[in-house]
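The two complexes that follow have chain A in common; it is paired with chain B in the first and with chain C in the second.
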Partner chain A sequence: MSLQLFSTLFINGLAMGVVYAMLAMGLILLIRAVGILNFAQGEMFMFGAYISAALILDFHLPFFAMIPVAMISFIIVGLIFMFTIYWPLRKASYAATTIIATMGAAIVLRELAVLIWGAMPRSMPPLMQTPEGGAAILNIGGTPLPWQFVLIIIVGAALMLLIYLLFEKLYIGKLMQAACQNSYAANLIGIPTILTIAATYSIVSILVSVGGYMVSPIFTVNNTLGTMQLQAFAGVVIGGFGNIKGAIIGSLLVGLIEVFSTINFSAYRDVSVFLVLIVVLLLRPQGLFGEKIADKA
Partner chain B sequence: MTLKNLATPKNIIGIIAIIAFVVIVPQVVQGFAMTIINVALLFAIISYGVSIMLGMGGQLSFAAVTFMGFGAYFIANMSTGRLGFVIPTFLALLLTPIVFAGVAFLIGLVLLKLKGTYFTFSTIALVQVAFTYFNNFQPLFGGPDGISGIPTLTIGSYSFGNDLTAWFYLICVFVIIGGIIVERIRRSQLGRSLASIRDNETAALTLGVNTYLTKVIAFSIAGAFAAFAGALWVMHGRFVGAEMFNFLNATQFIIMAMIGGVNSTVGIVIGALLVRGLPEFFRGFQGYMNLFWGVSIILLMVFMPTGLAGIKDVIVDKFRQFRVKSRKGDDDDATNTKA
Partner chain C sequence: MKKLRNLGALVLVMALLAGCTGNGGSGDDNFYIGIIVASGANALVGQYTQNGANMAADEINAAGGILGRQVVLVIGDEIDSLQASVDATNALLFNDDLSAIVGSMYSQFALGAMPRVYETGIPFFAQGSSSGISNEGNPYVWQVRPIDTFQGLAIAEFAVNVMGVQNPAIMFSTQHTFASLAEQTIVALQDLGVTITDANRFGFPEEETNYLPYFAQILAGDFDAIIAMANQMPSALIMEHAVIAGVDPQQMPLIGSTSFGSNVAITTAGASSNYWYSITDWVPGGHTPAGRAFEDAYVARFGEPSDLPAVIWYDAIMLIRHAAEAAGSTDRDAINNALHDIRNFPGAMGYFSYFPDQVFSTALNITRNMDQQVTLIEGITFREP
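Our next item is the complex of A and B:
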């Protein structure tokens, strides 16, 4: 393998890994905050892509006007999701009910997207364009790297770093963590848990939807984007359940494994990812970076 | 269980309802609608497996769709002569549950080393790996084109062919046999061991239940159910393609079981008929049907977490709360909803 091919594939894999990591980080934040495994994560991701496509293609908003509008709509989607799927079920006695409800939510989001925007895939303009309107390519030492992949890595990494700092370093993040760990005690000392949970849902919705927007120029906007959540699940488990750092590293690994296995057997690339998942589960069920924790979700 | 115990009013009503269903449906329904009912009943058999794993054992497994695929491709390979030999369809059908109970046992030995959510994730991985092979591996699974021209079921000299009514009766027989097996398991030592694992695995372990082996056995029974239904499904539809066995369809069986009531055998059959039947029935509103469907799943989970079978308990519960508000807390006997 030439160095050129290697670096192109590496950037491609890393970009996909960052996308999976955004999904995975959202999953972990939700599991920590409310203990719910969200099977509609991929559909939120898809819906984010559709919303940004609508803002750009239908309303022709300029880039800087689009960002705040998109953020507000992502937050609204997150809050609606919370108050329909999580809030009525927070006291459900049967763990499977909430999971089934998120599956129902996945169907609803998928169908809503088709009803509102039609079944045809919508193609999105790439963020960095050549003067002719094609996808711009970054050339480093003779190695062509598509700008979109580079931007996915930069934007995704920045967003995840911000959210990580928010949760781990800031006072408000500590409040949120306290509410996650023991919501009863948090309520007693005056933390409004409903607000912290709503904040978590909004943040997760933004994170995941931005991911959907970033990949949409590559895959077009269509209602099968949601299947990427399976790779994110794999990343979460490979990295370690309930551990943000582990989930991110695991997802990056999944992206790289997926892209590099296309060299030899492109049709079977899913096999390599999920076989790695099964092997990791058998050898180290707590994940590569996980500490032994109780099974919460 | 003696005959006297069986002759309760509830059971008699149930048996009359089943006989009525079997007798009336073929008179009223014909053609394409019959195909849908047949497929729905086959899927009910698969959901029985979900009931054993999730309802009795509390283990969320997506693997049913993969075992259905195994059963379907097994028949496709055995009876079309793709591998250079042909086994009579009836013999192949009988072999399917035995072979795939064994296969499921081996897979279960590996996957059930994991607990709870990890196990669920590993079954998702199994579904994905199997789907990729179904979709690409030409020699065994026909690749993206699938396998067509599968012979129908022939018992002795009688061939079921495209006679949908005959298929309906045959599938009803298997649904009833399957239901009896599930009910029997629920009342057996295996069923009670599974229930103890569902309610508290540590406690079950200290009481001497071999939790690992119990779960593996349940997994292999569920696998056998799914493979058997898959075998019937492929001989009924005469075609098998990989699209059927993706992750989206894997969730369908869980939804069927949950809608009907995961611990109710009759509820599961009703759930399967609803899940497969309603979207076809309302084809006129096609665009909105799936949306309506998703919304109703959510609403059902919010208001009736035990599914349609729990509707009585929910109403009784509400009534009791209304009547004796002060004695709240001691009405936890009637339902088996704790997982």
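Our next item is the complex of A and C:
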């Protein structure tokens, strides 16, 4: 394999890994906050792409005006999701009730997108364009790399770093997590858990929706975008359930495995990802970084 | 008491659901045709399907119906999965009112329902293009589209004889239909003297969304053309990603299966769809007077060009009408027998005739996408109607 081919595939795999990592990180944050595995995360990702497309293509908002409007919209979607799916079922006898509700919500969101925006996929302009309006290419040492992939890596990594610092290093983030995990104690000391949970849902919604927006120029805006959730699940399991660092590394691995397995094994791309998943589970059932979760739990 | 009430509610729900499928036998004077439509991830296909079917039904009803009976479409929603498709098709197969069924556009879905079709003995139009359907030899199953045997040959002949291709990269979805089409194309290419090895094959899962790694490998090889086979959405992404990856269509001819010339794929891919050749079942306007009449009526009614699912549902219903009127009966067996007598029927897609493979189609189109529109280069008659 030439260096040029390797570099192209590596950047591609890394960008996909970052997208999966954004989804995976959102999953982990919700698991930690409310103990719920959100099966509609992919559809929130898809909704982010649709909302961005509506603001750019229908309302013709310039980029810097679109960003704050999009952020507010993402937060509203997250809060609607929280108050219609999680909140009414938070005291259900079985945790599975809410999980199944998120599965139902995924179907509702998919069909809602078709009802609102139609079944025809929407093409989004890339963030960096050629004068002719095509996707701009970054040329590094003769290796052509689509700018959109480079931007996905930069924006995704920056966003994840911020959220990681918030939840893992800052007092306010730890306070939010603690309040979510023990609402009784939090209420006793005067912290309204509804606010901390709402803040977590808002952050998760922004994270995954930005992911949806970033990938839309490459994959178009359509109601199947949410299927990327599956790879994020694989990343979470490989990295170790409940661990942010593990989920990110696991997701990056999934992205790279997926892309490099197209060499010679292209028809078995999905098989290769899940083969690695099975091997990891056999050798290290708790995932690559699973021990820390056990400690934290 | 509570258990009894729950049981009562359950029975009521079951009864309502059974009523919805209309299995009871309506006993009225309508002519019922079951149609499978898609939703969910395949909602766009479902929309075109419904448009084409409604057009056919309205046109027939405006002309007095079939044997004086108004056509009523009974809809089964296959959503976007095999299980849902088989369930929806079974619901139609159990409906005694139906005289014929127009089934799924996806070959593997239709194949899943075929054993039950044989048991019920109802004329069933499988709308996929897989030769696997025809190979089943089910006497009640019919196809209006050219099956992959003909498509593969047409793609190979165009690639080699017209474009001078000798070492193509073959990208294909590993979904049943396209894996089968790829194999047929490869056999035809080899018959034309082109050597195809594993290095030429780039299979990808149907759910694939990232084709850039495939193009990176193709550009790193010494291929002289790309032949791609996929459904509409993957086709759109393949065309977009070819541009992003830097594939130069002037240096490397780009040839696609039928979806690459579809309205959905071209609209989605935008300018990236330009320069792609396609071997298509349908090009808006077709290459016959009936095709042009269909397209004019479609645009007048829906305000946009038609696409393949619309025309194949329209043609299938028109064939059912023709057979029922020829048989002078709404009886399933009579209609099925009359389908054997179809000769030179002017469908929108081309002229249809009965052949022992129970595939009516006789023609394909070679097209090229230019200025984000599909342009007919040539109609090919692959067997005399």
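Going forward, the second predicted complex is superposed on the first by the 289 of 297 C-alpha atoms of A that agree within 3 Å, B and C clash if a C-alpha of one lies under 4 Å from a C-alpha of the other, contacts with A are read in each partner's own complex, and residues count from 1 in each chain.
Quick note on the criterion: contacts are C-beta pairs under 8 Å (C-beta built on N, C-alpha and C of every residue); 3 or more make two chains touch, one makes a residue touch a chain.
Model, not experiment: these values are computed from the prediction.
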**OP:** Following the overlay on chain A, give me a clash-or-fit verdict for chain B and chain C.
**Re:** clash
Original post:
Who does A:111 touch here: chain B (first), chain C (second), both, or neither?
Top reply: both
Subject >> chain B versus chain C as contact partner of A:47, first or second or both or neither >> reply: neither
**OP:** Applying the touch criterion given at the start, work out whether A:134 contacts chain B, chain C, both or neither, answering first, second, both or neither.
**Re:** second
**OP:** Examine A:227 and indicate which partner it touches, taking first as chain B and second as chain C; both and neither are also allowed.
**Re:** both
**OP:** Determine, under the contact definition given at the top, whether A:282 touches first (chain B), second (chain C), both, or neither.
**Re:** first
Original post:
Thinking of the overlay built on chain A, is A:267 touched by chain B (first), by chain C (second), by both, or by neither?
Top reply: both
Original post:
Just chain B (first), just chain C (second), both, or neither: which does A:201 touch?
Top reply: neither
**OP:** Tell me which partner A:218 touches in the superposition: chain B (first), chain C (second), both or neither.
**Re:** second
Subject >> Clash with chain C, by chain B stretch, listed 55-63, 91-99, 181-189 or 235-243 >> reply: 235-243
Original post:
If you lay the two complexes on top of each other, which residues of chain A touch chain B in one and chain C in the other?
Top reply: 110-111, 114, 227, 267, 270
Subject >> Complex contacts: residues of chain C adjacent to chain A >> reply: 39-41, 43-44, 46-47, 174, 198, 202-205, 207-210, 212-214, 216-217, 220, 233, 236-237, 240-241, 243-246, 264, 267-271
**OP:** Using the touch definition up top, name the residues of chain B that touch chain A in the complex.
**Re:** 54, 60, 110-111, 113-118, 121-122, 124-126, 128-129, 131-133, 135-136, 247, 251, 254-255, 258, 262, 287-288, 290-291, 293-298, 301-302, 305-306, 337-339
**OP:** Enumerate the contact residues on chain A facing chain B in the complex.
**Re:** 37, 39, 84-85, 88-89, 92-101, 103-112, 114-115, 227, 230, 233-234, 236-237, 241, 267-268, 270-271, 273-275, 277-278, 281-282, 285, 295, 297
Subject >> Parts of chain A lying in touch with chain C, wherever the complex brings them together >> reply: 1-2, 4-5, 8-9, 12-13, 16, 110-111, 114, 119-123, 133-135, 137, 144, 146, 148, 218-220, 222-224, 227-228, 258-260, 262-264, 266-267, 269-270
